[in-house]
Every structure is written in C-alpha cells, then in structure tokens.
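Just below sit the structures, each encoded as structure tokens.
The two complexes that follow have subunit A in common; it is paired with subunit B in the first and with subunit C in the second.
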Partner chain A sequence: MLKTSTTDVVSEKKAATTQRHGFRLNAKDNYYASIFLGPSLLVLGLFVFYPMLKTLYISLFLTNTLGKTTVYVGLSNYAKLISSPDFISSMGVTLFYVAAVTVLTVGLGLLLANLASQKLPGIGIFRTLYSVTMGVSVSVAAIFWLFIFNPSTGFFALLSNALNLPVVNWLTNPTSAMWAVIITTVWMNLGFTFLILLGAIQSVPNTLYEAADVEGASPRFQFFNITIPMISPTLFFVSTITIIGSFKSFGLIDLITKGGPTNATNMLVYRIYKDAFYSGNYAKSSAEAIILTIIIAFFTLLQFKFLEKKVNY
Partner chain B sequence: MELDERAVLKRVFNYMILILLAVVILAPFFIGIWTSFLPTMDIAKGNLFGTNVSLDNYVAAFTRTPILRYLANTVVIATITMFAQLLFCSMSAYAFVFLKFRFRKTFFTLLLITMMLPFEAEIIPNFATVKQMGLLDNYAALIIPFLTSAFGTFMLRQSFLQTPAELKEASDIEGLNHFQFYWHIVLPYNKISMITLGAYSFLGAWNQYLWPMLTTFSNNSRVIQNGLKQLQSEETFNDWGMIQASAAIIVIPTIIVLFIGQHYFKSGMNEGAVK
Partner chain C sequence: MSTVLTNITKSYDSEKNVLTDVNAEIQTGEFFVIVGPSGCGKSTLLRMIAGLTPISEGEIRINDDVVNDLPPKDRNLTMVFQSYALFPFLSVWDNVAFGLKARKNTSQAEIEERVNDALKMVNLEDLKERKPRELSGGQRQRVALARAVASDAKICLMDEPLSNLDAQLRIKMRQEIYALQRKLGLTLIYVTHDQVEAMTMADHIMVLHDSKVQQIGTPAEIYKYPANEFVAGFFGVPPINILPAVKISDGRLNVNNDFEVTVDQQVPTDDLKVGIRPNELMIEKTDELHANATVKTIEFLGDEKIVYIKMSNNDLEVAAVVASDAEFKAYDSIKVSTTEKVLLFNGDGVNITRNAEDAVNA
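Coming up: the complex of A and B.
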C-alpha cells in the first residue's frame, strides 16, 4: 500500500516535470486506455498469449488421447523429436522448401520489378498483370496447378505428349512433388513480392541513374551497383516475409500433396496438424509447435531489429 | 539513324520479354478459365482446343454444388472480421499513440511479442477454447479469434504517429475528449491506412485455410477455401470443367477488388514496412 502511494507520488512528480513536453501520465489516460486497449488485450490474451503458454506447458508433459496432460517429462519430448529421423527429415524438407521458395520468389520478383520499372508506353498494363497472383487464394492456386500437373489430362502431360517426351507424374515422385508445391507457392507469392519491389525500385532517386548514364555505366552495372544497394532494405524485408510465410505453409501442401509421397512434403505445420488432429499425440505436436514458434520469432525479431535501424519515426 | 534503329530494336526486345513473362505468369489463369468453358468430356480426352465452349460448368457449379453458400459464409465472416479489426486495431493503436497510460511500454512490448507468435503453433489450445465455448461449426469460431490483430495495431500505430501535433493541440483547445478526437479527427486523417488494413484483414479472412478446416464441418459454416477442397475431393478429378468454373467464380471477384485497391495496398505496405 505504502509502496504504491510512493510510486504514485513519483509518477505525479514525473508527470509534472514532463508536462511541458506534452507528456503526461494521468489517471484519466489510464481510464481511457482501459477502454481503447481493453478489447484487443482480451482477444490477444485469450487467443495468442494463453494458447502459446499452454502449448509450451503441454510440450513438457505426456498427454492422453483426449489431450489431457499426464506425466511431466521436462524436455524429453524435444529430445525425442531431435533424435527422430522422421522429424529431422521433415525439418530438412521444410528448410529446402523455404530456401527454394525464398530464392525463387525474391529473385523472380526482382527480375519482374526491374523490367516493369522501365519507362515504356503501356508499362502500366504489365505492372497490373504481374501483380495479378496477389488475388489468388490457396485453393484456387491449388486447383489451377493440380490441373496443370495432372498426369492424364493436365497441361504438362499434354505438352509432353505433343513434344513426344515422357509424361512425368508430378505428384507421385517425391522430388517432383516437392517442386510442384514450390512452383505453386512461388507463383502465388510473386504478385505481392513484385509489387513491393517495384515500389522500392521506383523510389530510387533518378539522379543516381542519370549520373551513371553520364559516366557510361552499363544497365547491368547500374542494376548491381545502384538498384540493388538502394533497395536492399526492401529486399531484406520481402525475404524475411517470404521465409516466415513459407515456414508456416499449410494450405497448398494439404491441397496438393497431403505431405506425400512418402513424407516428401511433410513440412513442419503439416506435422503439427497431423500429430495433433490425426494421431492424437498432442505432446509431440506441441513440442513441434514450439520449435516453429522459435523459428518464426527469430525471423520476426530480425525484421524488427532491422526496421528499428532503418525507419525513423 | 543507326542509333534510332538500335533503340527501336531494343524497345521491341523489351516488349517481347515483358509479354513473354506476362504469358508465363498468367498461363495458369488462362488454362483454368479456358477449361472452365469446356465440357468435361473434352478435358478428359485431352482435347483442350475444342469449340464446344459454353457456360454449362458455371451453371452446374451454381446449381449442383453449395458454392453460393460457401461464398456467402465467407463474405459474412470476412466482412465482420474486417470491421472488427478496423475498430479494435485503431482503438489500440490510438491508445499507444495518444494516451500516456501506465505500463504503456510493457503493453507495447507484449504487442510486438504477439507479432512473433504464429497462430499455426497455437491450434491445439485454441481448438479446445472454441470447443469449450461451444462455437465449433459456427461463424463465431472463425471470427472471435481474429477480432483484433497485433499486426494491424502496429501498422495503424505507425500511421497515427504521423498525425500532426497541431491537430491534437487544436482539438484540446476545442475541448474534444479522446473519443471525439479518435472518431472525428484521427480516423478520417488516417483514412488510407484504414482502407489498407481493411483490405488486408478482409483478404486475410478470405484466405484462411487451416483454422476453418479444423473448426467447421458442415456446409452451414464452411468457407470457400475449404469448400473448394470439398468439391474437388468429392468430384475427384471427374468433373474438371466444373471445378475450374468454381475456381474462376472465386478468383474473378478478388482480382477485381485487388485492381481497385492496388494503390492502397502499396502505400499501406510501405507505411507498415520499409520507407
């Protein structure tokens, strides 16, 4: 009681001294804050904080088929995961997918953005067309591409037939199934990445290119020595966004391969889902979920640190 | 003279590359939408250049499948989610920018932490929560967890921070309270960020896949993403024409919305991310 009253005095003093700078800590603001912030805090608490702690908690126990925790086992669920070849291969598959998707998305997005930043008549049409996949949801992308990959009636099959090439059954071969998911993901990501990178390229001051033109620098030289360094913050941003998004991939995998064939596309989130909702192994699933959280938190933090440095407000 | 010719050639070459890339990117659309007009028999025979073009697949999709119900479910859920996020995110962003309350720093740190936590990692407890609330297979299960968003709050905060201090001073002189200042000044002033967040939250809800798959199991509440999967697995490659038509029915409105909202998307993205 005494302690709170002293802090009140201190904060009031502080408020009095900082008032001049427009900073005032007062009871009225506390009241308003509870109204303005309350609803969001309630929802985030119930559906983000509580479940995260609960998942962490479950991951330290054994669970029965109803999901109730039974025996405290410390970190042994994690130890089991790390020593399980099944999980390791799943992590390998996930990392390969994330790396391939990120490199291709950012690389192709950069190529498109650079081409579409040219000042040509009618370039606006191409800008619109290149960003079109932004409007495609997972299920639509999956249907379009499933048809293309279909071995009997699909577009690739017809193309192979026409060219007298052997027809690949994309989704039954582990390697090509993985590429089928990668291609579809990259296609879906491309519109958004393109648009962001185009915006960045367009905001590079024109005078830099003009100066380079005077010096007789080739377009390739200008691209690597002006464009790339100038848009590097945005490149970093789209890369981390893509990395985070692909670690969380679920929909396309469920729709296209269901983690198969022989677990070739059984990535982290798909495992979390399967282990919990198919196998009823909630403890294992929770440990996997915590591993996912650590990965996502790491990349988000990286993003924050970088933003802090780059953005002034 | 020679230089001009080279410039023209270069320009032609540029256009060819631009067109080629556009064709590659749009090919899945063209193929999908083209086959949606073909009879399934022709598609099955690999006859993709038939002339039996018709709207039969669309009629079939609308009459033989619950696609309209799926669409209606999704539109209702996405619209409510959008308005709720606009309200609650802007309110919490307002608190972080204009109110000097106790533990503000702590709460803001918590908000940043929230942005690091993937929803996909929380499905087990969240499933238990909505089950306990009796909300399974109900619109509410797809709405309540997304009434607000840490990302949305953060994005609007960035935008609100740029509200000129003079506006606040002037409204203090006018004697506006926080509710009035929030509603009459801050929201209109940050209209573009609000529209951007609205588009994001609508599309976010529209694109939800894992969560609705876990929490809804009947056509009464099934959303379009899961509905399409349902159609596709029921029909199992038998009726490609109709499946493509369903996909087209869903993708065309989103693309139209996107083209209209593109400008806002870009500006909002730059605001929320990198200047």
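Coming up: the complex of A and C.
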C-alpha cells in the first residue's frame, strides 16, 4: 500500500516535470515569461515584425507616390515582376554577383587562413594584415577602391601604362564594372572570413596532423582529408553568411556604380531602394523585398538544417 | 637491426637541456619502456624518435641508417598518441585505413584485407561502421592500436596510451597491448609515467629524471639494483623507505639513531643513506620505553596491511607492509628494525650496495 502511494507521488512529480519540459506553463510561469520576454518582443515587434508584415501587406496593393495603399491587387505585383525582363536580368546579375563573391571570398579566405596557420616566424604580422579589412567601413573602402579604379590616376591604370597594356575604364564597361564591385566586396569580406576560418583551422588538434605525418600523408592529402573535413561546419557557416550578406549588398554598389552602367550592377537590394525612393513605386519594391526575404530565408533554413546534421560530424 | 640512440640532447632555448646525453640501444622485437615523472623529457624523446621534434645534438639510427633528418613518414614506424588522434569524421574502418590510403602504394584489395585483419585482431569487426564519438574510451584506444597494426611498420611508438582510461580498463588494455606486441613481433617503444605499467610490460626500462637517463635495465634489475635513490624510490608501492645512517664499524650501521643493521660489505664513507623496502621493514609492538617509533595510520589491502610509521628521531615517516592479521592501530608504540636486505646509498644518492654496482654496469 505504502509502496503504491510512493509510486503515485513519483509519477505525479514526473508528470509535472514533463509538463514543464513541454512548455505547458502555468499562470505564474506565464507571468515571469512575459516579464522576461516582453522588452525584447516589444523592440523586435516594433522594428522587425511590424515592418515585415507591413511590407507584405503593401506588396498586395497598388500604392500612390506617398506609399499609401490604394487598390488591392492580390499577387499581381509578383506576377508582373516575374514576367518583367528587367527584373529577371536584375536577378541574374544578383545571382552572378553572389556566386562570384562567395566563391572568391571563401576560396581566398581558406587559402590565406591555411597559409597563416603555418607556424613560421613573423606569421602574426600576416594574420593581422589579412584580417585588417574587418576594421574598414564600407564608405572608406568604396572611396579607396574608386581611387584604385580611376582610369587616369588609379593603380590599375598606372600598372597598365607601365606594362604597355590598354587601360581599362573599370566603371564604365558593364563587365568590368561588375568585377569592380565583386573585387571590392570580396576585399571587404575577406578579413572576417579569414579570421573565422583561421580560428577553425587552428582548433583542429595538432595530433591529427602528427598522426598523418607518421602515417605518410602528404601536406596536400592532409589538407583535403583532415583540414577540410574538420572545418566543414565552419566552411558552410561562412559560405552561408557570405551568400546572405552579398544578397543584401547595398552600400558599395551605391557608392561605386549606383547600379550602372546600363543596370549591369543593379542588384536586388539596390533595385528595391531605387523603385521605392526614386520611382515611388512602393508596391513593386515591397514585392521585390518579399522575394528577397524568401531567398534569404531559404539559405538560412539550409544553414540550420545542414549544421544540425553536420556539426558533430 | 635495432634502434640506437647516441648522445641525444635536446634544448629549446640553448639554456636548459630538456634531455642531456641520452644513450640507448633498443633491440628489434623488444618492449622498451621509457618511464619517468612528468616533465622529465620522455615524450620529447619519443617524438624525436618519431621525427616530430628535431634533435639538437646526437644521432638516432634505425637499422643502421641515421634518421636524424628523415621526415616521420620515411622512418617506417607508427605511433599511438595519448589522445588517440582519431579522425572524428571517419568511421572506424576508414580511420584504420587512413595511413594505407595516404601512402598510396597499397592496392584496394590489400587495404581491405589489412584493415579487416587489424580490426579482427583488436575485436572491433562489429563496430567498423561507427564514428569515434560513438565508441567508449577503451574502444577508441583499440582503434588507435588497429591503426598501428594495419601498418606494416615494425617499430611502434606509444605515448602514454593508457592514461585516459579508468583503472580496470587500463589493466585489461595493458595485457592486450602486451599480447599484441608479442604476437606481431613489434619493436614497441612505450612512454609512461606509471611505474606499474613499466614493470609489468617491459623487456627493458629506461628511467628518465631531470633530463638524464638514470638507469636502463630489465624490470628485475631496476627493482633489485636501482642505480640511485631516485630509481629506488620511483619503483615499488609503497615507495622504498630512505633513512640516514652512520657507520659504527665495517658491516655495522646505525640507522637514524633508532636501530642498527648489519651489512655484508665494506662501507667506504660515513655519509650514508639506507633504503629499506616496506616489506623488509620489521615492526613489533612494545612498551614506550623500548619503542623507537609510533604508528600513524594503517591501510588495509586485503591480504596485507600498510602501516605508516613516524620515527622517533627526525620525525621521519616510513611505511611497512605486514600481514593483514597483524594487529596494529594508530598511536601504538612500536619497535622498528629491518632485515639485512637493505640498499646503501652514498651522500649523492648513488647506490653503493655490494653487487649493485656490478649489476648496474653489466
């Protein structure tokens, strides 16, 4: 009898704990939860969720030049965008830009991080130099690179002159303008990517390499069969961060090319900005913003799914 | 066919040597244990044999070839690390196959055969698809061993391979490593700080201390004829009792002013220390008048007891091993004496017991 009652108490306690773990909160818990979560929910709601929902709302209407909604049109803003060659070309430009920036940033970052992780005298100087772009603001970087790209006094022009090569006018030719933006973005991103990858490489236990040394693995074999798999979660993380970051690129484009020449660098975010604040077409621009949000949400989701599976190897 | 170390010296900052003038010859197929307290340079010595740490001075020969400047992969050896150095992203099977794949001179069929054989030898066939994180400590240890087995290198280096395991598993793996070494005829160079591991497994032991070799010998030689006070104290549990002594006459010594001992030899100097193993120390209960010591604590070990004793003079502490039915309790007044099986050390701690010098120099 006594035994049964003890078991009952235990099972009741268990049930209570399970409920807690299942987030079925009682009134008191609710009260504390709202006190602790309230402030951040308020701020997030005001500055993130409200604008997001408002954008979604606007994208389903036509708007006047003040941004006021006029006629409900459903998904017709989206339909128009998808069938507009202008928007498609802008998407193409964006995708090319994102792909090039990601491949170059992660590739170069990996190369530099691998070099800088070698134990050589004075390597600290290189580590500092490679990560120094982290401290440069977008506007400074843009002005700095504008000087470099300048067709008469820039570094590239002087170099071409010295080598008797034709001078490229970087920012007026559609192809080279795109590359100018890509180079500048990669240069800006490199410091951060380098630092994160360097940290990952340095946290690979040294005995793994020593074991491989003894077993006769070449440095190349070790790089591809130890370093890369060991840092793969970090590699994926920096790739996703770079993809998302370059989809959202705005400052550099505004300062260097303003989307030109002939829309060659008219990336999605810059387009959203121009459609809203130059053309006053808030509905169109809202629909574009929602499309961008969906793309970025997709990559974020991918990142979470992949890291969940991959983080423990 | 052996591994020869000649005048090996290592220093990192040219001020203090990590190792000074190490000489040793390791025969093919023997179980050679390098033992010493932490910081004595034993891992450094092993890493120099492996080629992972450069040598400052001296020469290492493997099978008559000087290997000082050879990279690790060309020394034809394998190594088991304290952390096991398993690749977390590879299965057990791929971990064992890693070295064979890396060398790129083994056919796929041979790799399969050797890896499967190695896994069978360490009883891991059923777990070959698992990742290291899904294994227990002992199983991880076995994967590391299998990696050494799968390689055709005949020299295997092990750096404290058992120190991450619990006590029971350590005893089990000790036997497995020993059996494996015998079965494969490996030359095994094994680093440990654990004197029991050294005693139980080694054909020869090298005792390192203060960056110098203290003694090289078989476990029996090292226990019976320790070269000096340090070696005597390092081997044996509880450790040997060291007490000051003065010469009364040739063959007669006064130990710590507490008791006397007869020794069967000439005693050259007056500055002496006597080493008495705990099982050679004799104790009997007595009245306070005749006592020369007091019992401090007692440890019961089953078939025997360790009695920790405080000597009356100098407050020195000693330990004695007695039968478990001997009745002693804390604060008992006792009379301590010894059998004649004592070791004599001079003031510098060098063993001067008759026969010891011959045995050490042999």
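Going forward, the second predicted complex is superposed on the first by the 269 of 313 C-alpha atoms of A that agree within 3 Å, B and C clash if a C-alpha of one lies under 4 Å from a C-alpha of the other, contacts with A are read in each partner's own complex, and residues count from 1 in each chain.
The rule we apply is simple: contacts are C-beta pairs under 8 Å (C-beta built on N, C-alpha and C of every residue); 3 or more make two chains touch, one makes a residue touch a chain.
Note that the coordinates shown come from a computational prediction; the quantities given were computed from them, not determined experimentally.
J.: Going by the touch definition up top, name the partner, subunit B or subunit C, that contacts more of subunit A.
T.: When the residues of subunit A touched by each partner are counted, B comes out ahead.
J.: With the two structures laid over each other on chain A, which partner does A:Leu115 touch: subunit B (first), subunit C (second), both, or neither?
T.: first
J.: Which partner does A:Asn164 reach: the first (subunit B), the second (subunit C), both, or neither?
T.: neither
J.: Looking at A:Phe144 after the superposition, I want to know if it touches subunit B, subunit C, both of them or none. Which is it: first, second, both, neither?
T.: A:Phe144: touches subunit B, not subunit C.
J.: Would you sort A:Thr65 into first (subunit B), second (subunit C), both or neither based on which partner it touches?
T.: A:Thr65 contacts neither subunit B nor subunit C.
J.: With the two structures laid over each other on chain A, which partner does A:Ala211 touch: subunit B (first), subunit C (second), both, or neither?
T.: After superposing on A, A:Ala211 lies in contact with subunit C but is clear of subunit B.
J.: Is there a shared patch on subunit A that both subunit B and subunit C touch, and which residues make it up?
T.: On subunit A, the overlap between the subunit B and subunit C contacts is residues 313.
J.: Under the definition above, what is the set of subunit A residues touching subunit C in their complex?
T.: 205, 207-208, 210-218, 221, 225-226, 229-230, 232, 312-313
J.: Can you check the complex and tell me which residues of subunit C touch subunit A?
T.: For this pair, the touching residues of subunit C are 50-52, 71-73, 77-79, 81, 83, 85, 87-90, 98-99, 102-103, 131, 133, 147, 151.
J.: Which of the residues in subunit B end up touching subunit A in this complex?
T.: Residue positions touching the partner: 11, 14-15, 17-18, 21-22, 25-26, 28-29, 31-32, 35, 43-44, 46, 48, 88-89, 91-92, 94-96, 99-102, 104, 107, 110-112, 114-126, 128-129, 144-145, 147-148, 150, 153, 158, 161-162, 165, 178, 182, 206-207, 209-210, 213-214, 224-226, 228-229, 232, 237, 240, 243-244, 246-247, 250-251, 254-255, 257-259, 262, 265-266, 269-270, 273-275.
J.: For the complex, give me every residue of subunit A touching subunit B.
T.: 11, 22-26, 29-30, 32-37, 39-41, 43-44, 46-52, 54-55, 58, 67, 112, 115-116, 118, 120, 123, 126, 128-148, 150, 152-153, 155, 157-158, 161, 187, 190, 195-196, 199-200, 233-234, 237, 247-248, 250-251, 254-255, 269, 272-273, 276-277, 282, 285-286, 289-290, 292-293, 296-297, 300-301, 304, 307, 310-311, 313
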